[in-house]
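For clarity, chains are labelled A, B and C in written order, and residue numbers in each chain start from 1.
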Amino acid sequence: MKKEIPLFIVFITGLFMAVQFFVPHAKSEWVYEYMLDWTIIIGVFALALGIWSFVRVATNKIRRKSENWQYSIVALAGLFGMIIFGLGFWGGVESYMFRNFFNFVMVPLHATMFSLLAFFIASAAFRAFRAHSLLASVLLLSAIIIMIRFNPFLGPLSEPIDSLASWILNFPNMAAKRAIVIGIGLGMVATALKVILGIERTYLGGD
Amino acid sequence: MRKSTMIVTLVVVLLFIASWIFKTMTAPEVDSTFDALTQGFLVTFAAFLTLAIMSFLYQDNPFYKFAEHLYVGVSAAYAMTLGFWSTLVGNLFPRVSETLCGWFQVEFSGQHDWQFLIPPILGILLLMRLSPKGGWISRWALAFIVGTTAGLNLPRFLRSDFIEQISGTFLPLLVDWEGFGHFFSNLSLSASGQFVAILSNFVIVSGVICGLIYFFFSKEHKGAFGSASRYGIWILMITFGASFGYTVMGRISLLVGRLTFLMDDWLGIISG
Amino acid sequence: MRMKLFLFVLLALFMTAVVVAQEDTEIDSVVTVSPPAPVANLVGVDTPNDNGHSISLSWELSPDDATLGGTVTKYVIMRSESADGPFIVRDTVAAGMTKKADNGVKEIEAEDYFARNTDFYYKLVALAGDLKSESEVFGPVRGVGQWFNTGKWSVVAAVGLFTLVTLFFIRRAKSGAKLYIRPLAGIDAVDEAIGRATEMGKPILYVLGLGTASDIATIASFTILSRVAKKVAEYQTSILVPCYDPIVMTIAQETVKTSYYDAGRPDAYNEDDVFFVTNQQFAYVGAVNGLMIREKPATNFYLGKFYAESLIMAETGSASGAIQIAGTDEVTQIPFFVVACDYTLIGEELYAASAYLGREPVLLGTLKGQDYGKAMVIASILIGIGAALVGWTGYVDLFYVGP
């Protein structure tokens, strides 16, 4: 029974949501919207599980004095500081401390991590330039043509390269993306089908 | 602790304090000394975290570890707090309980929506994982989420990713055929000549078909089938290159924009 | 003196001209004072294939419509619950339009609520400046929700056909028929990658991406994780799974635990190895980067849904010297993985990977089903090209999907 009931729930909810796509009636829309709302609410409960795992791993590290355990204290301090100020009944997310945590810790860290992307993309471009196979060279050549066309320093250069770049983006690019997307569509449908029919049940774990 | 580490730490601490003092003295529009001190600290702290993250590009170091752990802790709690206020207090409580609405000072919707008792029940079932014996019952909630979304994806992807893409590939391979003379009259890729129109349609059709052939799993890629598959992977690689080049240039444009701002607007070096 | 007289005469002439001109315009406006002709044949029907909160209206233009050279610039759609009114304004459309749906929302408390299964009466008011004329009242008409969207027949057919093909091949595979599958470099490398980690005594890092349990890519990744974790347990090495989504973490814990049980080493499973980090994109990346630099995993798997962070992780992993195997269905991120990783599973290959690793007949059967799906796609494209050549539009219509 431990496995049958979940599989039954998957089958019923999956079948309902699949059929709902073809039923425009307001009643079916209502149930659809309810179910989406429900998954969001369940998600919030799941966050508690996440926080639990977080605290568990951090405290275990501190207790066992494993490498870099000191930083786990920082992580826990950040976590509990934010929770206390955020959930506290003296203002919640509008409170002075919560806003400061957000504006002076989260925002700059987020912006900086995002800006690192520019550096990593430079190193990735460098890596691409050391193409070591025929296929990698094809990728590189196409990348170079597009980069020449869209370089921010000089703007468009010569007519043949510009038109070749536009043509690559409009035609071979479109064809390959279409092939990938059709393949993905089939794969997704197959996987969804396996899940609904209970063939794919890894996510339920063992007994 | 190594001597170099101590020196670096000392320098960082001194710089931090110097910046704190400077930012406190130059803090705009504050009512009290305490406010100025707080403002000075917060701005300096934000700058410190920024540099700490940047330092990862050189190598892993204690400052990065500090910033990283703080970031992770704060952001995990942020998501939880936001979920609590916007989803539970904002969406769930007004539909199920007048008492809870009173506690959190939100408006009650006026009627008890019994349907909204189900998600908290499933949520609590999910939390049963934390008890050593109740783990199995948490799967009911997982089953609900996975089933719902699998069903959601099944027909919807067949529509957007599949049928519409197929019908978009029904292209005429002989566009307004008027003989070979007309066909070869304009060969430039940017021109709207017949050669280009036919070539482009041919590339799309053959690209889609051979791209799909590349994704065949249960047939050996040999002979004509293998050639088609190789042509498919070539088209895929051209696309990946194009997409890569395009993104690289997009990001570099952003960087150039920031540098131009620094040089021009701030330091006045470029145009003056 | 003469000059004065001249100016006086000029002024007098001018005044006369102005008065005459004014009289002219007065006469003109008297001519057009009759209201414009109303629209004719106003008809309302229940909007097909909808939730019932809408009525589709159509009419014939007023002969005085601006697009026909007349003075009517717009029409006002009015609705009432009885033929005698009172009528309320529902919408305004520009001259030249001959149809419009009167839509509303289903939420009864909303301002734009539109009652289902309720009789309504409509009239259209043609406006020409301040002048207007009303059409005859049409009604009653009611909005009814449909239980099947006839615009989606093509999707029903596709789902049905694909399900049948897949079930057929699963049946065949179960009955013992041998199915060939071609080698996939990324999959063949999995064993080698785990072996390498064992030799080096380093852990394996498995990143499930930013997807939630609802993303098919993540579900496919769970299956691969279960195979990888089983091998990890057999080889007696360790696996780290930092998670972005708490539900994904829960499922990943179940998956890895089961794999350890299946491999006969339940004691080796450590729940702290599959852990939640945070569900903020860049904080997650920061933590995973730190993990890669500090734990120096021998092999990194990135399988699932990835966005802008793909490159940051793959580049850091590559710099740390790990073997990297990636796979995603996020088309924009595939190029970065191709460049920075040793092996990349492109799109559909990610979904196929679980069948490859498991070699269970049922999974292989669905793979065969997918291939037949692709063959059908190719065939229908070829027919479509033929249809385009001979101008057979009926074939293209078969692929129409309604809203």
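The criterion applied here is as follows: a contact is a pair of C-beta atoms (placed from the backbone, for glycine too) under 8 Å apart; a residue touches a chain by one contact, two chains touch by 3 or more.
It should be emphasised that the depicted structure is a prediction, and the values quoted were computed from it without experimental measurement.
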Those chains which touch chain B and also touch chain A: C
Chain at maximum distance from chain A, centres defined as averaged CA atoms: C
Computed distance of Cα centres, chain B from chain A, in Å: 6
Mean-CA-position distance for chain C and chain B (Å): 17
Per-residue overlap in chain A, given as positions that touch at least 2 other chains: 18, 21-22, 39, 42-43, 46-51, 54, 68, 106, 109, 113, 116-117, 121, 124, 128, 139, 177, 180-184, 186, 188-189, 191-193, 195, 203-205
Multi-chain contact sites of chain C, meaning residues that touch two or more partners: 152, 155, 159, 162, 212-214, 216, 219, 247, 250-251, 254, 276-280, 282-283, 286, 294, 331, 334-336, 338-339, 346-348, 352, 367, 370, 374, 377
Junction residues of chain B - those touching two or more other chains: 53, 56, 65, 67-68, 71-72, 74-76, 78-79, 126, 129, 139, 142, 145-146, 148-150, 152-155, 157-158, 162, 166, 169, 205, 208-209, 212, 215, 236-237, 240-241, 243-244, 247
Chain A partner contacts - residues on chain B that touch it in the complex: 42-43, 45-47, 49-50, 53-54, 56-57, 65-85, 87-88, 91-92, 115-116, 118-120, 122-124, 126-127, 129-130, 136, 139-158, 160-162, 165-166, 168-169, 188-190, 196, 200, 203-212, 214-215, 232-257
Interfacial residue positions of chain C with respect to chain A in the complex: 49-53, 106, 116, 145-149, 152, 155-156, 159, 162-163, 166, 170, 212-214, 216, 219-220, 222-223, 225-226, 243, 245-247, 249-251, 253-255, 257-258, 261-262, 271-272, 275-280, 282-283, 285-286, 294, 308, 311-312, 314-316, 318-319, 329, 331, 334-336, 338-340, 346-348, 350-352, 354, 362-363, 366-367, 369-370, 373-374, 377
Of chain C, residues touching chain B in the complex: 152, 154-155, 158-159, 162, 179-182, 184, 212-216, 219, 247, 250-251, 254, 276-280, 282-284, 286-287, 289-290, 293-294, 331-332, 334-336, 338-339, 346-349, 352, 355, 364, 367-368, 370-371, 374, 377-378, 380-382, 384-385, 387-389, 395-396, 399-401
Sites on chain A touched by chain C in the complex: 18, 21-30, 39, 42-43, 46-51, 53-54, 56-57, 60, 67-68, 106, 109-110, 113-114, 116-117, 120-121, 123-124, 127-128, 139, 177, 180-184, 186-195, 199-200, 202-206
Interface residues, chain B side, partner chain C - complex: 53, 56, 59-60, 64-65, 67-68, 71-72, 74-76, 78-79, 126, 129, 138-139, 142, 145-146, 148-150, 152-155, 157-159, 162-164, 166-167, 169-174, 205, 208-209, 212-213, 215-221, 236-237, 240-241, 243-244, 247
